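Next come the structures, one after another.
Each of the two complexes below includes chain A, the first together with chain B, the second together with chain C.
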Partner chain A sequence: MNPTIMRLTARALLGRRRVLLLLPMPIVLIGLTLLGVASEDEYVTAGDWGPLVFGNLGLAVILPLTALIVGSSALGLEIDDGTITHLLTKPLPRGEIILSKLTVAWLVTTAATAVPLAVAALIAGSGALAVGMVVGAAVGSLAYSALFLALSVMSKRPVAVGLVYIVLWENLLVSFVDGARVFSIRQHAGALADAIGDTPLVDSSLTVLTAVLMAAAFATLGTYAATRRLRSFALTGEAN
Partner chain B sequence: MNTVELTGVSRWYGNVVAVNDVTLSIGPGLTGLLGPNGAGKTTVLHLMAGLLAPSQGEVRVSGEPAWRNPAMYRNLGLVTERESVPGFLTAWEFVLASAKLHKLPDPAAAARAALDVVELRDAQDRRISTYSKGMRQRSRVAAALVHDPAVLLLDEPFNGMDPRQRMHMMDLLDSMAGEGRTIVFSSHILEEVEQLSGTVQVIVAGRLAASGDYRHIRRLMTNRPHVFTIASSDDRALATALIGEESVSGVSVTAGGLQVHASDYGTFTRAVAKLAKARAIRLTSILPSDESLEKVFSYLVTT
Partner chain C sequence: MSEPGVIHDIGYQRYAGPRLGPGYSARSLYVHSLRGAYGLGRSPWAKVLPIGLLGLASIAALILVIVNSQLPAPVIDYVGIASTFTFAATVFVAVVAPELVSVDLRTKLLQLYLSRPLSRSAYALTKVAALATATFLLFAIPMLVMFIGMAFGTDTGIGGVFDELGGLLLGLLAAVVHAALLAALGLPIASLSGRRVFATGMIIGVFLLTAPISAILRELDPGALGALAGLLDPTSLLNGVDTWLFGSDIALGAIDGYGPVYGAVTLALIALGTACAVWRYRGIDS
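The block that comes next holds the complex of A and B.
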């Protein structure tokens, strides 16, 4: 890993207005959690609103969207504006570039998702779920970041392809075809949060082992594919 | 050993051939890569810089393959045409980061030296986004120079520069070439490179059209045939006088004045005023016909 690349990437990511896109989602999450807690009485239990807020919003929307914004920008912005040539014309192993970018994307995504999810879990009164959410978000962030980083090197439209994965695969296909959930990062994060949190606030149907193995597979394959692609990355567009 | 060598290199995009079977060898000194827009100069430079794979043939820099060989960049610097700089950094941060990415033993000293070369030390602590075009260009040259490469490639380095900046950049390239480096720059404006010495490779439509000493190419340029439209106080008398000139190959009298075909641009332009004066003919306008760069280049190709 290369500290110079990491520092530059962090500055580029956090210094742009794009980072403000990350702000509204945690605010909505915490607001809905407060609403959910306030609505609890003898008819409405935590099991009624919890999975909606933590699962359907937190892990199914906030986590992947944050990872998509950050992961597709970490290297993608440089490819878009052409500053990638500064990085490519350095005697650096391409794996070093990808690993540095991935680490920054992972840390930023984890910080932007694990903190609000943990705060929401604490508001809901479950310390164990807070830990579960941090672990789930961290593992999910790693797998998502690797996937979206790879997409940003391999595709000209990483955000569009990423959205197709999130919306069509993770949300639509999974609800029709049960086996599809094995390849859904959101389910990996949910399984970990559920196993550690052990509350009715989240539910999941994957085993922890499957979740960990599949998330690791996404992270490894994403990193490998991105490195491979960057090794033979050809400049396009401006060639005349 | 600071050579850039292309052997039978072609590069195509789908059905479009951008570079067609180019073989050339560039050694230390200053070399201009000339050609009209769209001729494939950028593609050639990107091939040399290892940012594009040749579809066919081989590109070597100092004996090493250029494609998929990051280690080569220890020896090579590239300044791209696209004005892409991380504007959120200051020039100092930008050049220092480049030095660190090259893993130089003393990155700060290298960054200082590079900024000195391009005379940007005074402005080094301002964000690059506040710079003028010429200053941005110089900050990118500094970043490309920071590791003291033996081979430096520059894509249209004079684009958008005012004449003073251009002079400064030419002096800089000249002096770096004098230090034994291999400097290759591209340009689509022949006049731009007039002050430069060295060798020239002319690329037209993806092919290497001409190569050689710059003075030779320049002589061809000034001696090229040309068409002028001339209006004067007595067109017919002028026409009679002009046809006797050796540099004139044809004259026709039209409603708008004389159409003069000169076989030698330089000699003709020097002779025409004297000739008119000797016969007390007043010249009211001399218009060179519009001449596209492509025409000039294709003339160079056929001679």
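The block that comes next holds the complex of A and C.
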């Protein structure tokens, strides 16, 4: 890993106004958790609103969306701007470039998702769930970041492809075809959070072993594919 | 020595022919944007996603025709297509809207457009119209596929075909409402950023983030607040309009007697979104 690349990537991701884009999501999450806790009574239980807030909002929207924006812009911005040329002319192993980019993307995504999710879990009154959310979000962030980083090297339109994966695969297909959840990172994160948290606030039907193995497979394959693709990366004229 | 600042006439030719004017520019931009939305006239990679989504929607419509023809009553009618495909249409808008406006901002192509007779507000309105038309096609083509399938499969002769035609027209009307709202929301958001990454992220953020909010509010309060919660989320809002205007039975949540409110909010959002797009381009440097 290369500290210079990491520092420059972190600055490109966080240095400008665009970091504010990540702010509304935690606010909505924590606001809805407060609302859910406040309106709990004999009709509305934690099992009613919990899965909606932590599952459908936290792990299904906030985690993948943050990872998509961060993961695909870690290297994607350099390709867009053409500064990738400078990076590629340096005598650095391609794996080192990818690993540095991936580490920064992973740390930023984890910080932007695990912290609000843990705070929301604490508000909901479950310390175990807070730990589960941090672990689930960290593992999910790693797998998502590797996937979207690989997409940004392989495709000219990584965000569009990533979006199709998130919306059509993880949200639409998984609700119809049950087996597809094995290949859905959101389900891996949910399984880990459920196993550690053990509350009615989240529900998951995947075993922990499957989740860990599949998330590791996503992360490894993503990193490997990105490295391989970057080795034979061709600078083309069409910028848009 | 000649005086400074004098341009000598060395035989410049004047153009005396007809000038095509702003209307022509707007029409050309509209056609160009509509083609660009589906990647026509661009690289094959630009076609994959929009055409792929359209193809998926058409295949889904074909499957529905087969399912409908096997069952006594159709499971999903034409308005149902508009309702259920809204989710895919939001992805389409999030992918296509940045293609239409962000690239112009980033490559400074916008300044070239504005140096023509085309006015700023005409540019914005044309782009909204092109996006709305492209989204409309995403609904309309699967409906046509369904109509052709159902018209051939009808067993009540020409009367059955006319029944299907009536349903198709109703469905197309619903598609117009859906396309107008999605375009009026997506385009101004896309025009905020010259980077497709962030433009797409912001649009899908608005669509994806609002859906669980209204679902949670609906869960927490079964009363009036729950019935009005659908207003917060474009997908539920359009679903409510379908339920109210076209009697669609695929409801995401109860709208009780608030149908007119859903209709009014939809109209207001379309107007507001379009106005925002025009306003966004008013102050832009040229």
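Here is the rule we use: the second predicted complex is superposed on the first by the 237 of 240 C-alpha atoms of A that agree within 3 Å, B and C clash if a C-alpha of one lies under 4 Å from a C-alpha of the other, contacts with A are read in each partner's own complex, and residues count from 1 in each chain.
Assume contacts are C-beta pairs under 8 Å (C-beta built on N, C-alpha and C of every residue); 3 or more make two chains touch, one makes a residue touch a chain.
Just so it is clear, the model here is predicted, and its values are computed rather than measured.
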When chain B and chain C are modelled together on chain A, clash or fit: fit
Comparing the two partners chain B and chain C, which touches a greater set of residues in chain A: C
Which superposed partner A:88 touches (first chain B, second chain C, both, neither): first
Contacts of A:168 with chain B and chain C, given as first, second, both or neither: second
Contacts of A:12 with chain B and chain C, given as first, second, both or neither: first
Which superposed partner A:28 touches (first chain B, second chain C, both, neither): second
Touching partner for A:234 - first (chain B), second (chain C), both, neither: first
Least Cα gap, in Å, left between chain B and chain C after the two complexes are fitted on chain A: 10
Residues on chain A lying within both footprints (that of chain B and that of chain C): 238-240
Contact set on chain A toward chain C in their complex: 18, 21, 24-25, 28, 32, 35-36, 39, 44, 48-49, 52-53, 56-57, 60-62, 65, 68-69, 72-73, 76-77, 80, 155-161, 163-164, 167-168, 171-172, 238-240
Residues of chain A touching chain B in the complex: 2, 4-5, 8, 11-12, 15, 81-83, 85-94, 231-235, 238-240
Touching residues (chain side chain C, partner chain A) in the complex: 43, 45-46, 49, 53, 56, 87-88, 90-91, 94-95, 103, 106-107, 195-198, 200-202, 204-205, 208-209, 211-213, 215-216, 219-221
Partner chain A, residues of chain B touching it in the complex: 13, 18, 37-43, 46, 49-53, 67-68, 70-74, 76-78, 80-82, 84-86, 88-89, 97-98, 100-103, 143-144
